[in-house]
Amino acid sequence: MPHQTSPVRVQMTDAAGQPEPTPELESLYRTFEEQLLVPLWTEIGELMPSQPRSKALPHRWRWKDLLAAAEQAGELVPLGRGGERRAMALANPGLDGRPFATPTLWAAVQYLNPGEDAPVHRHSQHAFRFVVEGEGVWTTVNGDPVAMRRGDFLPQAGWNWHGHHNQSDRPMAWIDGLDIPFQHYTEATFFEFGPDAAGTREAPERSRSERLWAHPGLRPLTHLGPTPATPLLAYRWEHTDHALTEQLTLEADGHAVTVEPGHAAVRYTNPTTGGDVLPTLRAEFHRLAPHTETAARRETGSSVFQVFDGQGHLTVGASSWTVGRGDLFAVPSWHSLTLSTETGMDLFRFTDAPVFERLDLHRSRQEGART
Amino acid sequence: MPHQTSPVRVQMTDAAGQPEPTPELESLYRTFEEQLLVPLWTEIGELMPSQPRSKALPHRWRWKDLLAAAEQAGELVPLGRGGERRAMALANPGLDGRPFATPTLWAAVQYLNPGEDAPVHRHSQHAFRFVVEGEGVWTTVNGDPVAMRRGDFLPQAGWNWHGHHNQSDRPMAWIDGLDIPFQHYTEATFFEFGPDAAGTREAPERSRSERLWAHPGLRPLTHLGPTPATPLLAYRWEHTDHALTEQLTLEADGHAVTVEPGHAAVRYTNPTTGGDVLPTLRAEFHRLAPHTETAARRETGSSVFQVFDGQGHLTVGASSWTVGRGDLFAVPSWHSLTLSTETGMDLFRFTDAPVFERLDLHRSRQEGART
Amino acid sequence: MPHQTSPVRVQMTDAAGQPEPTPELESLYRTFEEQLLVPLWTEIGELMPSQPRSKALPHRWRWKDLLAAAEQAGELVPLGRGGERRAMALANPGLDGRPFATPTLWAAVQYLNPGEDAPVHRHSQHAFRFVVEGEGVWTTVNGDPVAMRRGDFLPQAGWNWHGHHNQSDRPMAWIDGLDIPFQHYTEATFFEFGPDAAGTREAPERSRSERLWAHPGLRPLTHLGPTPATPLLAYRWEHTDHALTEQLTLEADGHAVTVEPGHAAVRYTNPTTGGDVLPTLRAEFHRLAPHTETAARRETGSSVFQVFDGQGHLTVGASSWTVGRGDLFAVPSWHSLTLSTETGMDLFRFTDAPVFERLDLHRSRQEGART
Amino acid sequence: MPHQTSPVRVQMTDAAGQPEPTPELESLYRTFEEQLLVPLWTEIGELMPSQPRSKALPHRWRWKDLLAAAEQAGELVPLGRGGERRAMALANPGLDGRPFATPTLWAAVQYLNPGEDAPVHRHSQHAFRFVVEGEGVWTTVNGDPVAMRRGDFLPQAGWNWHGHHNQSDRPMAWIDGLDIPFQHYTEATFFEFGPDAAGTREAPERSRSERLWAHPGLRPLTHLGPTPATPLLAYRWEHTDHALTEQLTLEADGHAVTVEPGHAAVRYTNPTTGGDVLPTLRAEFHRLAPHTETAARRETGSSVFQVFDGQGHLTVGASSWTVGRGDLFAVPSWHSLTLSTETGMDLFRFTDAPVFERLDLHRSRQEGART
């Protein structure tokens, strides 16, 4: 292969730690290029830093801007087979304009007009929806219609048929979270089209999955054994809210049940294992009582947060923002995060932590509570 | 060791498959006795049958008889340190008068007079309570008071401090299930006395364990990772009842979610693993709709059932009984069980199945639905 | 049921902690007997002691006595269908003359004359053979003939067809270990007869199982995934001996690789899991260098040891013995064990530890090295 | 953020499935760019294809070319702190000149002159060495010197100190495999410098890790419980060769122990779990008997092979090559692979399969044996 067509470029420099530039070295580097070889010694600084150096940047997206853009898309962009979803993905400013909130995580606003159908398909990517406001859409997963309402977390494991239908006379917007970037990178992606319409116009209050599974500590005898992803398709706000309220009440009574003073939190779990809801995605909900500041924490892997209610302040690495209802922000790998609020703040969070934990790559560090 | 003190007795017989009785053989058998040796060939028939031959017998205990005996004990037997509990255990008629419902399971009626305390202790045995009627007692586990009410299942893993206090002005009876026979046999038993009184007079509607854990699919961030036994101390009747009602409603709508037609069932699980509530004990609740007859099923290991509501008929091996509210019955290993009801019947069940499953000794067989 | 036929006997006493003897109590106790009920308060002392109180006793069996009895049996007891095996089981003096070395473990001497066949059968019980001396027998497991030689450990999981054939012109004796008492107690036992002869006269040096599996750290691509029991049918003495020699050599070079000074030990493992060879049985080999005394250790569950070579002294609870080549001894649950030797001693050991570990019932305590 | 600085570019087109190009749409797309949003409908084709569409290409690297380049590097590139290793990585022609053999796998030739030291460091990346020819280098892992010889596979889990030293008077080359691209992508990377020299000049035949662990089915009592990565630092050629020879001999005797006729294979495993040697990397060795052609197989995830001996032919997707001793080739995700040989061929293989299996993303398909 003539070197002019090789994608490899090896640069001779007089940087410290590099071999002395000579014509012989130059010639060797050309040979490397021809042979499709890259020396470790010119790359090690970037590839093997002393600690994770994320390409992604901390960033905040304002909900009002996202919603305004989504509403315009609702007018201009028809929904149908091929485009599949009216979803607009957060593009991390450090990731070359790709629609990736972090290197591994996809986060998008999806928007559905009254009466519209998002057509049925299935894909290997794991997904969930989280609803910051509104209602009226049912997502139908393998024929089971699941109502979507403010505060609900709706996981949906890979390779299940699903479509959405807006049964109401008002548009609805929500956020989708997926492992699209991770499956894109690892080249694990499968996709199939299903029927164009969501398949059912049923609009029950509770999905069949909830009727079978949303009973604390109980499982049907017909579904024993672990499943890789949760069989429960809706985690309702009333349960999440109740659990968080109880944690703060117990804390007030002197019981050490919170993450730290004023900071209640729950993890959404797969009732067949007690572990994460999805094989590649973790989801949690955090509540900060008024006048709470969290300790600075960092971990390998990345997160996306959405403020569900209230407002507060956040610091990620060297960046700081004020955030309120609906605002989203990305926390890159090994970036320190601190959250604070004067008036109280509720936050939904999702991360790629299962990837790290299952592969024994997880590390975390807490830098001592600042309060 | 002179043979007259040896516990070993080896009998010479002219049974088929046995060596020919001779004076030399007689002499050898005396040597075996002296040496504390037992030949396999005289014992193999009993030790290695073609399928499990349970020493236990199927048996039914009538609730009204148990309750009457318990009430008398309430008058005659004081409660205190040493005796520890006013509990009367079911003694399987095949098990030599031992207080064992089956070879591995303990099932007892416990009775507490108004204002009485069952003193605090802890033991390695795993335990639970199930309430067929009444209310007013709080069981306090590691300082967390847990109300006991009709239909509640209250597991309590080994080595936790616990006592009971009757806060009401009426006596209360319930059943206790433990793995006492199994831990007795395996010689795994530890026990410690705690304070004489249950320690707290608090009588909250919901225990702290429920406030932390009884939220479907949610777990507190302060309690991640699996625990051998469930951290949830009360599985309330309203949830169990609701789950069973939903299964039958879904079945009526054409969804295959029941064990068999008209037979709904849930297993109580440890939310940190999705597996059994206790390492040695499984607990389930079964509901038979009117006009239901179950298929005949058998499995290795044994069960105890209590009828919670309604009435019906049961066949265990060659025995049959009619049963109603509160009645208990034991199903020995590898005995076929069929249940039927004309008017509907609710049953609580517990078994030693985790022992068999964790040790790869579990086998089961279903003999084709009879309906 | 008239009380005269009830197996239950409840005794009224004036012991401390018991209710005051009165005619009313006497009458209540008769009612208990009629109802097949046993009060906890009369039994708690025996059933729930403060720590395990084993019914089994420490005991030592001398190899020369066992072998002499086995040789006599070789002359007087023919081998065939029905009796199945010429095996003589160790009967713990505390266990009512039953052929149980401990409550859970079976240990027997098996003896096969030249040319004899032990007929093929299979059973749910897990088994192994360990050879303290001799050779010439092949055990055939599912058609795979496995040579038996001094020092070899030969596990054989439940429900595999197996028979033995003595291919040599000399008798051979070895020990069998099984979980017969445990499966008898839990009533989990299945058994089937196979062909009368061991099925093959092949006598290869290495079994097929070894040719597939006895390569350190390697597994065939056709056998991935965990299996409940080891697929390797022979753990050869040369490997065991080598591993122990290396541990002591490494220790001499200053590396902390032994259990304690002078005490090397290996566990036999299932190469598909890294865990115990059999679901209910653990097997290990221990080597004590000359002038070694072990720390006193106790654990829940019981063990049987066989001295493989050398001689020494042992203390189990309050009993002490001198032991030499071939001698066996039983260590009951929660009995402290100390081993010592002046000239060095090799010991094979098997236990019921997997039962305890898988059921979260395992506890152990070490009482500080005595040396 | 003014849109001219946004990395996002959203293109309006008249492609099928895209919204109709209008000035309003153009304006909306500019808004997306400003808001750092990317629509799914313009990206779905690339991100969610019907099956994995690997960016990587099948490619073969010739060993003689790699070795020639490495020898030149041995003359021109000094080895020391900063550059760390004289390693030249295979750069897949589809991956933009990055030093990645596949999207997840690093494969490099490393070269050490007589007497040279590769300085001690540690990193979170998991690594191994495989030796296609030569000997004389010891790699020292946490102070344990491990000889490297032809055919040996030498895994080394992340975060262990390691350096290499060439003890001989001849240069030595081998291949390194790591998960550098995967940890780079997931941003999980930690790195620390250690001492400049490998720390020991000991050159034992067997490492301490082998003396403790390379005994089939045996583990030291001081190292119980699973570890994420293998504690065995060397898998010697003699064992691998022996295992493969046995498989083909057993096959010749009529036993179905090979992957397919003439195709023997072993997987290197972690003896503490029976699973893969490293959390992110799988390694195997394959032997094709003369006149063997494998079935076409494809799976999610990618592999790198090195021919260890013999020669043959390979087809990956639409590409074909003839390969001989030392040649390497990359197989991208979901590319069909067929291997054939007339004279026999031995191949080492490593893959990212543990990532896929642990995350439930693994799929495979076999297209029917061609022979």
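When the chains are written out, they are named A, B, C and D in that same order, and each has its own residue count from 1.
Please note the rule applied: contacts are C-beta pairs under 8 Å (C-beta built on N, C-alpha and C of every residue); 3 or more make two chains touch, one makes a residue touch a chain.
These figures come from a predicted structure and were not determined experimentally.
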Most widely separated chain from subunit A, with each centre as the mean of CA atoms: C
Subunit A and subunit B: spacing of chain centres that average the CA atoms, whole Å: 44
Subunit A and subunit C: spacing of chain centres that average the CA atoms, whole Å: 53
Rounded Å distance between subunit A and subunit D, as computed from the means of their C-alpha atoms: 29
Chains touching one another, given as label pairs in label order: A-B, A-D, B-C, C-D
Complex interface listing, subunit A residues touching subunit D: 1, 6-9, 16-19, 22, 24-25, 28, 31-32, 35-41, 43-44, 47-56, 59, 61, 65-66, 69, 72-73, 75-78, 80-93, 95-99, 103-104, 108-109, 123-125, 180, 183-192, 228-229, 279-280, 300-302, 332-334, 352, 354-356, 358-361, 363
Subunit C residues touching subunit D - in the complex, by the definition given at the top: 208, 211-222, 224, 226, 230, 232, 235, 239-240, 242-243, 246-247, 249-250, 255-259, 265-274, 277, 284
